[in-house]
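Down below are the structures I want you to see.
Here chain A shows up in two complexes: once beside chain B, once beside chain C.
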Partner chain A sequence: MSTHGCSFDLRSATLSFADRVALQAVSVSIQAGERVALVGPSGAGKTSLLRLLGAAVAPTQGALLLDGRDLAQLTTQQLRTERARLGFVHQDYALVPNMRALQNVLMGRLGTQSLVAAVRSVFWPSAEEESAVHALLQRVGIGDRLYQRVDTLSGGERQRVAIARALYQTPGALLCDEPVASVDPARARDVLALLRDLSTERGLTLVASLHDLQLAQQYFDRLIGLRHGVVVLDGPVGSISAQALTDLYRMEAGEALA
Partner chain B sequence: MKRWLERRNWPLGTRGATVLALLCLGALCAWWLQLSPSGLIPREGGVKLAGQFFARALTPAWDYETPPPEGTPPLVMKALEGARRTVVFAAAGMSLALVFGLLLGFLGSSAWWPQRMRTSGVGPFVWTVARTIMVGMRSVHELLWAVLFLAAFGLNSFTAVVAIALPYGGTLAKIFSEMIDEAPRDSAGALRQLGATGTQTFLLGLLPRALPDMWAYAFYRFECAIRSSAVLGFFGFETLGYAIKQSFENLQYGEVWLYLWTLFGLVVLVELWAASARRRFVA
Partner chain C sequence: MSPLPHAQLSLHELKRRRPRERLVQITLLLLVLLTCYAWTCGDIHLDDLDLARRTENLERFVQEDLAPYSLRDQEHSWTDVAAWAWTIAVTRGFEGALQTLAMATVAITLSAMVAFLLLWCAARTSATARPYGDGRGRETFAWRVVRLSTTALFVYLRAIPEYIWAFLLVAMLGPSAWPLILALAIHNSGILGRLGAETVENLPPRPLTALRTLGATRTHIALFAATPGFLSRFLLYVFYRYETCVREATVLGMLGIASLGYWIEDVRTKRYYDEMVLLVAMGALLVLCVDLLSAWVRRRLRQAS
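Showing the complex of A and B:
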């Protein structure tokens, strides 16, 4: 179980699909425990970058080094172990809706369990497992929802279940795709404060994509700005000029119609 | 709207042309079969027979219409015993069909096979074999299976159970595999990403998403199995169909109606059971 944060070193990584290039030669280095917000207009490649960092996809060209190890050099089993250290909170939460919050959180450990152990744990959790999950749900503010089916929870509560599932992985990093895209402004601050506090108390590297620049500047230490799959700005929050941020979101001729 | 109209290549539009083609095909088939409206005019005595039969619908017999041999159980007991046997055959057939259905449904779904195994190695081979077996099982109707097995094994309970299990297993497998493949993949993707193996992802991330639908469908098939099991009685298995055939041949329509209402009651019971189970699963 790692208690130290993960460091990421993305070296000239390109991610291309059959019909388009999502990221173009992106080089980004993130230290353990850093809190990074990915900003930029829709379609700039924020989610693609998160998926690269989360080892969900491999770069078409270039390399990703996780704690200095090149993921391309790992065996399937080693890659599985590395993935288990990366907690990913999806934009749509990606929970199993017709199962309980408890069961969904328990699934966070699949990456380190055998099939039999996983099925046993999810369907017949031990008292220790239940109390561990309960503690995590309490930490994210929904301890009373332990036995509730996910499809009976509100959107905000589902997100917290997803965060708890990621924490149950005992990860070295939390990667969050648009964590506040579908919550109201007051709740957005709660969620970001929660993520920041979790990162501090557990030494987690935190990377999140955000639309709101103000929130990004308030809750994160460093901003990475993407535009058309290219990193156009990268630096500590204080060092980035207002002009650079305006330019990041400036529409180009013809873009408004697209 | 205008643009859409202008895009039509056919005078009637694609949909209109399809409907017209189906109507023409229907007419052609009727001609081949030499269907004529005169076929709908009942035979002599037919109207009388039908009248006698339907007249008893609301007044089923509660006791034998002709005195049975000494020691025969009461008619109502015979109907209930027939119902019990009908359910037992259906349940046995469905249990076996579920085993076939789940096994072949998994193997025949695209989701079971990870990307790399689908394009090379044993994956495509097993997938094709599973799909072929599924088609083979369900292309023969359960009554036809019963005829085949009766010829091979004679009249024993296993014959009826397997006759139901094979086509039902094939149908369940086809529908299950489709439900699994159409289930939302987001949770499976998330589990995969946190390091779960393919099998873990399938069983915990994908299958639970398809399970409520699979469950509801299995219940519906159980209802069908009860009807099939009853009809298998016409071959001599002692289900409700056997009793119906006997009484019908003896023109004891009151008894026939008691059996038919029992069958109706059975299907209603299964429907109620299915509905309560679905509520527990979905809500």
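Showing the complex of A and C:
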């Protein structure tokens, strides 16, 4: 179904806002089909790094190369096309609350559709489109929720809709911000197994931020540790020592309240 | 990360630095100053009310002028009064009321459409080179011009009262229904446009940003995410203004346009106060009916939003 996984090459990227520096000269290279977990304490810059990789923000300095192409050189139209290949699952799912699951998933294709095509598709979906969405929702385990309004679904179901929307983009990569932050341990394993299987089935590059080191080591191939906006560790899961992981989360004086 | 700056401060110092809300104090002070101004500088005198003489007038008005003219100085029953009222209602009242309602409806529909089309150019979140929280691209001067000029247009349209618009338009277009409709439509476009733009600005940003980052255009997002989110609230404002439009359409008839107000003004100049009061009551009834309808619709909309 999918074409091929996306590869990312972040070159010495700094992301700063008016009042703070979120990422400091981060260089990370991710191969197509890799499964990467971003770990590190709260405020370390995990979400910022995901937003950079998802082309949601542009680095203040440095560059992001997606499949070898520098995003800064693209026209608005080309940027749209590239963004359409990046499936982003937000921490709060960011669905349109008073639309049906069907419509929310159909909106996954907006990046490649003209206005007329999009209106036709979202408001009057064809039988093929409906069955494609139904198949995706079945794949993520909530096929029966197709015609439900999203604001009547539970948090876990919304997350599945968000994953289905990202898949409907036929993306080259899935970027997930804290996919298991608000679910219990059993469901966390369920979601991570789903993401891992999807990435294998479709050859997707998978990048997810999470807090649980055990889960990160179990479901991902590679860990990238962030602290204060700097990459402090990066390597295959097996190669990272327990001491390095403890250091990653070590608290400093006064930090508990920050 | 450095320790919090307030961690080592004494209680006294912490209290000195506490955040304080000054707005309420300033508003109260302003209110007192304005009252003093009105008292001392305004040409407003209690004597002018001359209550004794006015009361006399009022008594005569209620006791003599209000009695139906055709039935004065003779014995009459409630059936006679009802027949008299019915004649007036049929000859002028109903037609005037329906005209009023029709003109107000056309006016609010026009202004809702104009406002809906223009408000996207005024909302800070959509009229920008980085729409709906897009983190890429640079703010451009052109978008700023679009945004500020649309906002200024809305302010201008609503700053001029309906009555003045109608006055100007009657002079330009002559006494048809259009000066009244356009006057109401122009004024309310400004109001609905501003309120609609604010509603779009206040939408939860993340669903909109999410669509932007998967490649959706500004129009896609406006149509598929912003409109579903803000429509019920926008309609709430539309129905609220509809009430006002019906009221204003009555008043504006006094400029010579065939709404209920025209007939009220007509009988007032003839000093048929009995008929005037009846027509005013019909106007009030009409407004009350629309109020009830609008309140019902808005309650349903609030439940939906």
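Assorted remarks:
Following the convention adopted for this analysis, the second predicted complex is superposed on the first by the 255 of 258 C-alpha atoms of A that agree within 3 Å, B and C clash if a C-alpha of one lies under 4 Å from a C-alpha of the other, contacts with A are read in each partner's own complex, and residues count from 1 in each chain.
In the analysis below, a contact is a pair of C-beta atoms (placed from the backbone, for glycine too) under 8 Å apart; a residue touches a chain by one contact, two chains touch by 3 or more.
Just so it is clear, the structure is predicted and the values come from calculations on it, not from any experiment.
In the three-chain model built by superposing on chain A, chain B clashes with chain C. Look at A:A58: by the touch rule set out above, it reaches chain C but stays clear of chain B.
Touching more residues of chain A than its counterpart among chain B and chain C is C.
Once the two complexes are laid over each other on the shared chain, residue contacts for A:V237 go to neither chain B nor chain C. Once chain A of one complex is fitted onto chain A of the other, the partner contacts of A:A32 are absent, as it touches neither chain B nor chain C. After overlaying the two complexes on the shared chain, residue contacts for A:H228 are found with chain C alone; chain B is out of touch.
After overlaying the two complexes on the shared chain, residue contacts for A:V183 are found with neither chain B nor chain C.
Residue overlap on chain A between the chain B contacts of one complex and the chain C contacts of the other covers 54-56, 80-84, 86-88, 90, 92, 94-99, 107-108, 110-113, 115, 118-119, 122, 165-166, 169.
Residues 186-187, 189-197, 199-201, 203-205, 208-209, 211-212, 281-282 of chain B touch chain A in their complex. Taken together, the chain A residues at the contact with chain B in this complex read 54-56, 80-84, 86-88, 90, 92, 94-99, 107-108, 110-113, 115, 118-119, 122, 165-166, 169. The residues of chain A lying in touch with chain C in their complex are 43, 51, 54-58, 71, 76, 79-84, 86-88, 90, 92, 94-99, 103, 107-108, 110-113, 115, 118-119, 122, 165-166, 169, 228, 252-255, 257-258. Residues 1-4, 7, 134-137, 206-207, 209-217, 219-220, 223-225, 228-229 of chain C are the ones touching chain A in the complex.
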